[in-house]
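Same chain, two partners: subunit A is paired with subunit B first, then with subunit C.
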Partner chain A sequence: MSTRPAVSTAPPALSRARSVHQLWLAREFGIVVALGLLVLVTTLDNPAFLSPQSLRDLLLGAAILVVLAVGQTVVIISRNIDLSVGAVLGLVAFATGKLLSSAPGTPTVVAVLAGIGLGAVCGVVNGVLVAAARVPALVITLGTLYAFRGIDHSWAQGRQINASDLPRSFLGLGTATVLGVPVLAVIAVVVMLVVGFYLRSYRSGRELYAIGSEPAAARLAGIPVGRRVFTSFVLCGALAGLAGVLYAARFGTVDATVGTGIELQVVAAAVVGGVAIFGGSGSVHGAALGALLLTTIGSSLAVLRINPFWQQAVVGGLILAAIGLDRLLAVRAANRLRGRSSHGG
Partner chain B sequence: MSQLKRTLRLGLITATVLAVSACGGTTRGSEENTNPAGNQATGQADPDAPLTEGLDVAFLPKQVNNPYFTVADGGGKSAVEEFKGNYKEVGPSEAGASSQVSYINTLSQQQTDVIVTSANDPNAICGALNSARQAGAKVVTFDSDTKPECRDVFVNQVTGEGIAENQVELIAEQIGGEGEIAILSATPNATNQNAWIELMREQLKKPEYSKIEIVAVAYGNDEDQKSFQETQGLLRSYPDLKGIVSPTTVGVAAAARYLSGSEYKGKVALTGLGTPNQMREFVKDGTVEAFALWNPADLGYLAAYAGAALASGQITGAQGEKLEAGKLGEYTIGEDGVIVLGPPAVFDQANIDQFDF
Partner chain C sequence: MAGDPAAVNVPAPPTETTHGVLRSALVRWDTALLVVLAAVVVVAGVLVEGFASGRNFQFLLLDVVAIALIALPLTLIVITGEIDLSVASTLGLCSAVMGQLWVAGLPLELVVVLVVGLGAVLGAVNAVFVTKFALPSLAVTIGTLAAYRGLAFVVLGDQAVADFPFRWTDAASSTVADGAVPWAAVVTIVLAVVFGVVLHATPFGRSLYAMGNNAEAATFAGIRVARAKFWLFVASGAVSGLAGVYWTLRFASARADNAAGLELAVVAAVLLGGVSIFGGRGTLLGVLLGVLLLGAVRNALQLADVAADTLNIVTGGLLIASVVVPNVVAMSRTRLRRRPRHPA
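And now, the complex of A and B:
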């Protein structure tokens, strides 16, 4: 699971490693509990919420947000933020639609790769500006958010790409299932596992945590901060590009406004999932669970038939409740650890 | 294209602008009072006057490069060619409130006979339009009106009653005249949507629809993801649901996309207001039987004929006057100089391939 060399097998280090592991478990555990409660309450009200079709819908609904949240997590961990993901998603979704409607013979794989490539190019722009100009990422990506969206607008010229313009095989990507599990969800899980493995097991992945914990110290420790941050933005852009392709496949209707405002949902998913907004801690698994929780909230409110005028307020309340629950469990876990270490010490 | 969405957004912007100018309005007010021209009929209408040839007709849409207006103006162009006028289209690339003013002034200086426009703001272009009218131009608004005193006639695509009647008829037919239906709307605060929903409820009080019941109104906020979730929610919450009506282009397309890939395909009927291009796929795969929208090309066509009739002296814009609009037939001007295009066009498997917008 971890290639991090066990420097010492002495008992204190071992117990610390185990307790850190438990803490990590506890963080995700809080969200799982919140998710379980939400599903339980909704199912008690309406048993159809747990029907196979409904579960498939939940996974499908979360897939795109999960891919975005995983990319965002990599950037947030290094104490940066990428607000341009919504615009990149929109631009890539339109580009994919344009590519497939003008050349319907294009294999789906090529469309996916082209989308990831375009997203990565956007990520390069962000990365260069943030890493080279050393301007806070918040400001840079706020700027590129509008810039990318502007390119999208001037390219689209008010046109819309419809499901009938896209090849069936591509649209099939959005609805196909493998053993009952939607392909989109499989893609999201694979992305999460791969990126999670990279962050946990590769040196450069660990260094992102170090940068996020204390950039100055990381620089003094000889970590190539600029290069690592640059890479994290390219990765985030590429994943936003992938999300854009998935969006086009799932919804089939694409215009220049696609994905407007989704960046805030992505950041919310990461934060709800226990990724510290100031960097240095958190996991992609947590962020993915956060994304699943947010979309499940949306779906269950629709099933519970909450008054639409109140829905947004309820969503906000539930986000705060989820974070509160997570925090409570984290504090309890920390207390437990403290108790144990005093016993051992 | 999502014209409804755009109209809604525009409405919000307008409301905001109005609210702001109501609070602080110092510079705007003067402009509004200087033009009390009104749309009183000037001179006598001669119903038998022939259409003048060689009229300069200019179309000024809310925004050029918007697919909806490209189609509408295309309809206008074919009408202008029929009555042997000179057609041109000018317009801003952005649908800002006052972005059309400079175009109107230019058209006025060029002695254009007819200006056909869709207003980005009911007030902002009033002054410019009235100066153009004083310079001799006839002004027709279509799709979106200005204040009535700033134009000669307004060609309205459809009335709320027309939409409600059409939507209820479509869904009743598709669910076999009885059962539970739900409405998937845009945002909870969308004025036109709420008005239509109210009118649909009125329609359903008719005895022939007594077995149809609206069990819920859901709001997809004109977002794909939210519309997906709300459609799913409706299907989960109401297992006996027979049909969904979504009178908004984003909602109906999202609901169709969801239904087409779900176990409900073919079991739950869906209709609404959508564009043929958006819905083609779902009509062909059997998810949607029929849906409706006004034909933008006909709208432009009628607006061009109305302009020509005004410029030729056939009509003056007064209530009760009649005009002949080529292939569309005869129209009568209603209250406030409004001409209604008619009930929305219905698109189904048989005719959908004849439309491209």
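And now, the complex of A and C:
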């Protein structure tokens, strides 16, 4: 951001941190308001929208996107991007289906861990290429998007795994509820809270923000940039793997095209949730809200009997509105800070 | 530094070390691509039955025309340090609108003009967001990627308009003197020459490299960065619209999902062609070689009965290798150069 003011003394730096924090709060509050308005309008039109069944469907639909968006946020915050998450999701979903259909006795926990592990391996590939070869993440993960998807296709050979091939206990993961809340949604919330806590409260988590704000400065400050970036890709891959397992559990039917194009939805969720595309700011909570908002738009349009073809156009408009709003907030915050620091001397 | 393309082959004077290194690296990249492309053609011609035929050559060119067209303005955009991911959605929306206008009874000559104009307008929308509101083009064009594709579905739904006159659909794949070179490829080459001259032989083209290396410095040097980027995005939209016309006629079908996902293939070709994703580096010739290389590899493997979807591994691998190998070579070279000075 070229509008960043030059702050040299300690008190303005503190107030700057506070106002950046306020900016995040305002940003996340904005999504909550948009979400609330959307639910309100839809419910007024059709009260069934708020029925327990409908809410469960909504949360089920959002859960997988939330898990992906949380992982993506960790990567984007450090000024990188992972476009391969959709391919990783597809590969892991197929691998999970293959594992469970050939060894139906496998406990669900083992399947979940195996999926996370395979996702993490994909993340290691991305992380090594980005961190060690020092190549832009956009290029690398575009390449691995193709590569992982190609591996998926050559493995599947056009076949598909059906729900009838999978053990019932595993499919139960996709439909089970705890106190009326789908397990998938609970998993998504836990992932969000854990990763959110890590980013907020752990030194290495804070360092990701520093890297995203200014990689060169972070390196000079002694932050092991390469190692942190590598870790963020492994984490993102592992979460994409988890999302792949959840996908297999929820839908049961898996072929090699699963998750095609979902990477753009994931990036959209993060951007709508206030994660700056060039790193340094944003939160997993915002990204999760963004994912929830995108999913809710989809089901609202259906309930409001609006041509479903409008959905994608609305999502596009929302992304543009979100980055426009971010820009506006950033400019206003910068102006305010400039006023303060000139008063302070 | 008038940037005569032929001057690239002249060895740089030793005083201009960084420039010399950069230039010869570029030349080497283009040469390397050419060598690899030639090797692929020779090997495929010997090993793959049906590859070395005029008819296959024609199909290969027809298949890469859309990617090559879109890659031309995109190369310039990436050199300035921006990106346009909405190109395939622009193509899809233009195709959908083309179908509706034809159904509405407009003459095709007019439809084509309107559709290319629509592409320019869509590009201008991107341009306004990027240059007037100073938003990152990556985020903006992910937004319009979704928006334009969505509007394409709003315009045409999941139907297809397929009753274009044969005269037009045949023209899309007709060849020069009934040989192996399609007219569409000739049009692409003419446009490539235009873009190549603009990029490599005009002050405007040189300024694109300057702003890609350092936009702020370019601004202070008196280059109108925003205006240049504005028109590049407009050009990208217009050419994507033209590619939409071609796509629609070539497959005789206007559909909202035409060329869905093609943006990644185009970006892959541009990057494989040696353009730096950070801007400031790359040649148009390299990009065209990249497009041809990807097309030839896919075509050869397809003829060798490798499933189309499995080919993604090759595309991805080529893309990764194209950025990792030069980087690793450069890194190890600097390490070697440092060693004598700082013995461990």
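The definition used in the following text is that the second predicted complex is superposed on the first by the 289 of 345 C-alpha atoms of A that agree within 3 Å, B and C clash if a C-alpha of one lies under 4 Å from a C-alpha of the other, contacts with A are read in each partner's own complex, and residues count from 1 in each chain.
FYI, a residue touches a chain if its C-beta (ideal position, glycine included) is under 8 Å from a C-beta of that chain, and two chains touch if they have at least 3 such contacts.
Given the structure is predicted, the values throughout are model-derived calculations rather than measurements.
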item: Touching partner for A:A313 - first (subunit B), second (subunit C), both, neither; value: second
item: Partner chain in contact with A:N46 - subunit B first, subunit C second, else both or neither; value: first
item: Which superposed partner A:I277 touches (first subunit B, second subunit C, both, neither); value: second
item: Contacts of A:L264 with subunit B and subunit C, given as first, second, both or neither; value: second
item: Which of subunit B and subunit C A:T253 touches, first, second, both or neither; value: first
item: Subunit A residues touched by each partner, larger count belonging to subunit B or subunit C; value: C
item: Partner chain(s) touched by A:G61 [first = subunit B, second = subunit C, both, neither]; value: first
item: Residues of subunit A at both interfaces, subunit B in one complex, subunit C in the other; value: 157-158, 309
item: Sites on subunit A touched by subunit C in the complex; value: 2, 129, 133-136, 138-140, 142-151, 153-154, 157-158, 256, 260-261, 264, 267-268, 271, 277-278, 307, 309-320, 323-324, 327
item: Subunit A-touching residues of subunit C, taken from the complex the two chains share; value: 129, 133-136, 138-140, 142-151, 153-154, 157-158, 216, 256, 260-261, 264, 267-268, 271, 277-278, 307, 309-317, 319-320, 323-324, 327-328, 331
item: Residue ranges of subunit A touching subunit B (in the complex, touch as defined); value: 46, 48-49, 51, 53-54, 57, 61, 157-160, 162-165, 171, 174-175, 250-253, 255, 258, 295, 298-299, 301-303, 305, 308-309
item: For the subunit B and subunit A complex, residues of the former touching the latter; value: 1-2, 63, 65-67, 188, 216, 218-219, 224-226, 228-230, 232-234, 236-237, 239, 250, 253-254, 257, 260-263, 277-278, 280-282, 284
